[in-house]
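Each of the next two complexes has subunit A plus one other chain: subunit B in the first, subunit C in the second.
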Partner chain A sequence: MKFKAPFIIILSTILSLFLLAGCGQKQESGQEQGQRSAAKAHTYKIGLSLAITGSTSDAGNPYSKGVEDYINYANEMKFLGDDKIKCMIRDDQYKNDVTKRNFEDFLSAGIIFYLNYSTGSTLALKRDFEEERIPVIPASFHAGNLIDSNYIFLPIVSYSSQAIGLSEYIVNNHKGVNPKTAMFIHPSAFGRGPVEDVKKAVAAGLTMDIIEVVEHGRDLDNTAMLKRLISKKVQYVICNTVQSPVATLLNDAQRLGISADEFGQEDKITFFGVHYTGGNDLIALAGTSAENFFWTTSYRLTNEESAGASAQLEIAQKYGRDSKTANSHNYTNGIMAAQIAVETIRRAKAKGLEINRSNLYNELTAMNGFNAYYPLTTVGPVTFSSQDHAGVDTQIIYQVQNGVFRSICNPFESTYTGKLK
Partner chain B sequence: MSYFFQLVVSGIVTGSIYALSALGFVLIYKSSRVLNIAHGQIIAGGAFITYALTVWLKIPIYLSFFISMIITFFLAMSIERIFLRRLIGEPIISIIMVTIGLMSILDGIIYLTPFGTYNLSFPDFFPKRPIIFWGISISWTRMAGVIITFILISLFSWFFKKSPIGVSMRAVSDDQMASMSVGISVPKVFGLAWAMAGMSAAAAGSIIGNITGLNFETLHAFGIAVFPVVILGGLDSIIGAVVAGIIMGLIQQFAAGYLDGNWGLNGTADVLPYIILLIILLFKPHGLFGTHEIERV
Partner chain C sequence: MSVNRWLATGNFYESYKQEQRIFSTHCERAVFIVFIVALFLWPLLIKTSNTALLVLDEIMIAIIAIIGLNLVTGFAGLISIGHAAFVGIGAYTLAATSRVLGDQHVLLTHAWPLMIFLSGTAGAVFGAFVGLPAIRLKHLYLAIATLSFQMIFQWTINFMSFFNQGQTIPIARVYCFTGMVSRKDHYLFWYYTILIIVVVCGFCVRNLLRTRYGRCLVAVRDNDRAADAMGMHPGLTKVYAFSLSGFFAGIAGALHAYLYRGAGLDSFTLHHSITYLAMAIVGGLGTLAGSFFGPTAIKALDLQVEQLSEWTSVFLPAAMNLATALKPLAFGLVIVLFLIFEPRGIANWWRIIKSYIKLWPFKY
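After this line comes the complex of A and B, so read on.
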């Protein structure tokens, strides 16, 4: 029995060697497999130029974080399998010439999808987008972006549709004869965008009187303008600008005692705004003066329970974003633009198509009917076609109640936008 | 008639805040003949310091307001010491170019902080209910703004006219070489001018921030928006800044109240001040109260 111990040692050594060899072989084949798939894996480049600093960076900053986080999330979750998306993000400080330079640099880097930001730069680069035949999603929802353009796609309803939707809400809920309305707009193409379309809706039968269109400046005091509007019996003001001037307007209206406590209160003004006028930033700026402000967008908000809100907060938490960013509707906005880009690439890849600009354009225009895309963060599906370049066609209205935006209606499609089409 | 008087009061109030914002330009120009293009960034910086002290450090807002003025006093003095002291005696255009560079640097620094992109507001300090007299309404914040403006402007006016340092500053403004020859320290005068301008900018920023909310773009834009006020007042005149500020405020309110919305006019409140500025400068090229220098050869 003396030979037992050495025999066991030798046997176990041999077995261990076999096991190690087996593992090693397995490891090697795993590595080979990884190498093979890495050889097959692609990296698709997309570009985003926007105002991370400079004018409107209060919107651009969370927007860029939304895009960045969603692209990282998609890569980590392997939405495209082993393929990855590389999103190049550059600050243009809201300057069109810098945007153009960034866009050209992105082209040199070989982008297949482009995310743009401002109305001005989208209009300025429209011809470049046509020449390059590259699908573009801007953060600007200006309806004019789509005129004479084949490659620009708005993620949600245009400012015009939003303003018309608000006008319809006013008309449907106003008691008495035609509601008297004014528009308070940014002195730019972005601000002026919806004015003519709302006027067209009125001409087409929307029973509302547009008493005045006010282009604001750097106003410290809106007393004169507000008093003038009250003297003209204006009851509703629709704003299309950024939050800061709206906050000053609301503060002045509250001071003058002309802010309506409820919709349509007589001899007072009820204020409304489209996408970039509202959100938590407006409440941060205007405080209690924001109470009863009506605001429309196509996004779900994080302060109301929904699968989209939970997903957004989860992504924000995963990438260490602060609560202000996580709850910003412009973070949602950025996530949305990235979602559309990722989904388009995913669909083209699933069909075994080469991932290039042309195929992505075709995928985008096929995103309708049974192929509509349902992101959780919006109040309706994204539908594009060769004729329809506005993604989410539905919008929802929120109202500030006790310092928080609350939805006050179901998502709806503006009737007159359809009629004008 | 109450509409008319409401516009008058609103114009005076807005104009006073313009004057306070313009004061920093005037203080620096008065002593060093330099136009500080980065003034808007200092206005914004002052507002953000007040906010940080009030909200983050929980210091009462009125105390934060004064601490912010003190901090900005030393901050502006340091800016002068680091960036501009070496340029004493150099061509004015070089110094103005440095202030343009300074504007970019301050922009960059502020964008590195949450203030660069966040929208914030001061906690309610004054009652929301406005002061109402004879049907005319004015908010407590604006009223406080007017009072602070007039206190600061009175103090600075007295300082320049009566105090030995103020007289030294005026002397430096007139002739740097002659001032040095009688023992005035030109560098110290410049440093003090910047410091006082910083202090007034912090006051202006905190008041504007209370009215518009804290948005960097809105705040620093006031540095440029008050430029017509400075030019109209006469660049080196404190009283000129006040008068020009009030004129601009009144023009804006009357234009918005009587012209805009009528006869197809819109946005006249923004354009009319510039038109009137041009007309006045045609007749008074040095502004309403500016020093008319005569050089004898």
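After this line comes the complex of A and C, so read on.
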């Protein structure tokens, strides 16, 4: 028998590294078990599967830290008295197969609440959520998540509502005849979702012309597309994608000299974006090209003074987060998902109910009217009912002014979203 | 052959038929039977989590797909970079049926063995079609042709609303003799189903390789002109190699769709095709045993690196995203190491171990 010595050495080194990694994890879980057995209070388990590495990890990473920090904060501040929440966080690398495996693992561990991430995995696991009857809060605000689903709850308004809200802002502030608009979207369900809904709003009376819908690829140059839009007299582009394609688009528009310096400038294009297009990361990527970019979300930002911003920065500081993470709207987004989960458990506990999936679902659907939940980090209250599974119904528009996102209007509810319902 | 077939310590074949036996000794057969029985019994004796069963199901599905890839790339020597697309054809055959007839249709829920076979057939048809260029093309040019098929498949699924633009198309739970397979039993049910299919596929291929059709594949791989001169039809052999490969891939795709209760594009991308190739290389190209070892090793590596990435992501700076790089790095490293130091794959280790045991206590 003749094995090659160098190969065996390299293979043994790799295996040893893996074993060491495994041992480290085992030791940690042993300590946790010890702590758990020492404590008399209940520990409620929730699970979060998201892209900490791989595609979209730039959003997933701060999101996971937001969830982790808020759960730790809630435990330390004794929001649930002596009871604790244990949030199991797993990386799914933005792959549905891995998300499914993580979800099964969480179920085996006995979770009572689940936090999911991507649109694709939320749609793929929808039936599992129904069968397990487990309340789910995804990081995806795709309106399609709510179709044929009873257990998925969006923390804020859907991408569709956000895009319709931006369209309404364009129509209300545009001077002249129907504004000519294009949509720049991610080539997936996440990006495509709002297109049909915006078209429905136009059909329902929103006086706007949708000239073109562009699904971007991995283009590093948008010159041809931008020139085509200008030739078609397009004045507004609504983006529903992630930050990097938007940054490329904005850079190209600035290079071509077609970025509007102010809203609706003639023969120029004013750019708009929904939740995942904006934030500080966009400014970091696009630099001065991001100037005058309009962005909508339901969250308060840390660069504007508010109780929510202060609370968020305090939590980030408490857990040693860097400035980038602390000021990220994805960190806010993670905090939000955790806030809803903690609040739901707190309310069920306050009523003396057993903390199980069914009671948490009932608590969530009762979160409306006088029972609405008012987190500090959002521009409106979280309201759910058995019919309404979108949390914060209001949105706000920010504009990049001197390299910083500034709010330019009061929080509002999209009129046409209500009409389409 | 030695008289005692239990304790044969060498090769004493006296005829070609003897050499072509599936099991060369009774010992080999007994070990195999015990192993198969153990695979069937252990879930009944040991309490297993759904996650573990899901991972095992995934590995066995990959084994079926790699058996197909090994036929075309390992035995027939035709490189295929579009194998995930063939797997996808199987899954999307179910998805298309679900779109047309509804996901609760009896064909999908009750006649699922037939649907699995039909998915395999669809894979075979597409395989034969994609295999047509193999009559004229070789090596890198053929690789490009299969890559094109992968791209066309992805584009079609991603942009056709009939296929839900790549998003998951749901498929309902299946029924067996005791009624609908519940969520609780889902993974165990598919464990047994896939295990049976793996065993059947394994025996089919083992037998195929003992026939003249199987030997044709190897002959065409080694020298297609010589094979032609010997009266074989290299063109036809190449097409049926692709077709057979597509059949196994189609079955794997259908099983994947049933296991995950839906078909979505992100399980059948170019990345998956490359992974399948890596599984075949690491397992051992041109060996049946390699089709079993490769998927097991790569999936195990995947799981370990996943844990390692997650673990290191706590310590490594997020901005550099180093944790993300670990998986492709480990994956690439393993392939390169195998290509340099053990191009015959894990199957060769298995061969050495078997030979050692067979000859023990003698060294040679």
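General remarks:
By definition in this document, the second predicted complex is superposed on the first by the 381 of 421 C-alpha atoms of A that agree within 3 Å, B and C clash if a C-alpha of one lies under 4 Å from a C-alpha of the other, contacts with A are read in each partner's own complex, and residues count from 1 in each chain.
Definition applied: a contact is a pair of C-beta atoms (placed from the backbone, for glycine too) under 8 Å apart; a residue touches a chain by one contact, two chains touch by 3 or more.
Remember, it's a predicted structure, so these values are computed and weren't measured experimentally.
Touch criterion met: A:Lys324 reaches subunit B and subunit C at once. In the superposition on chain A, contact is made by A:Gln243 with subunit B only, not with subunit C.
Legend: residue contacts after superposition of the two complexes on their common chain; A:Asp281 is shown touching subunit B, with no touch to subunit C.
Of the two partner chains, subunit C is the only one touched by A:Lys95; subunit B is not. By the touch criterion defined above, A:Val157 lies against neither subunit B nor subunit C after alignment on the C-alpha atoms of chain A. When the two complexes are overlaid on their common chain A, residue A:Leu123 makes contact with subunit C while staying clear of subunit B.
When the two structures are aligned on the shared chain, A:Ala224 is found in touch with subunit B, with no touch to subunit C. Touch criterion met: A:Ser188 reaches subunit C, while subunit B stays clear of it.
In the superposition on chain A, A:Val213 makes contact with subunit B only, not with subunit C. Residue overlap on subunit A between the subunit B contacts of one complex and the subunit C contacts of the other covers 52-54, 57-58, 61, 187, 324. Of all residues in subunit A, those touching subunit B in their complex are 52-58, 60-62, 187, 212-215, 217-225, 227-228, 231-232, 243-244, 247-248, 251, 254-257, 281-282, 284-289, 324.
For subunit B in complex with subunit A, the touching residues are 3, 6-7, 10, 13-14, 17-18, 107-108, 111, 116-121, 124, 128, 130, 137-139, 142, 208, 211-218, 221-222, 225, 249, 252-254, 256-257, 260-261, 266-267, 269-270. The residues of subunit A lying in touch with subunit C in their complex are 1-4, 6-7, 10-11, 14, 17-18, 21-22, 24-25, 52-54, 57-58, 61, 90-91, 93, 95-98, 100-101, 104-105, 107-108, 120, 123-124, 126-128, 131-132, 187-189, 192, 324-325. On subunit C, the positions that touch subunit A within their shared complex are 49-51, 54-55, 58, 158, 165-168, 170, 183, 187, 260-262, 264, 266-267, 304-313, 318-319, 321, 323-324, 326-327, 330, 333-334, 337, 340-342, 349, 352-353, 355-356.
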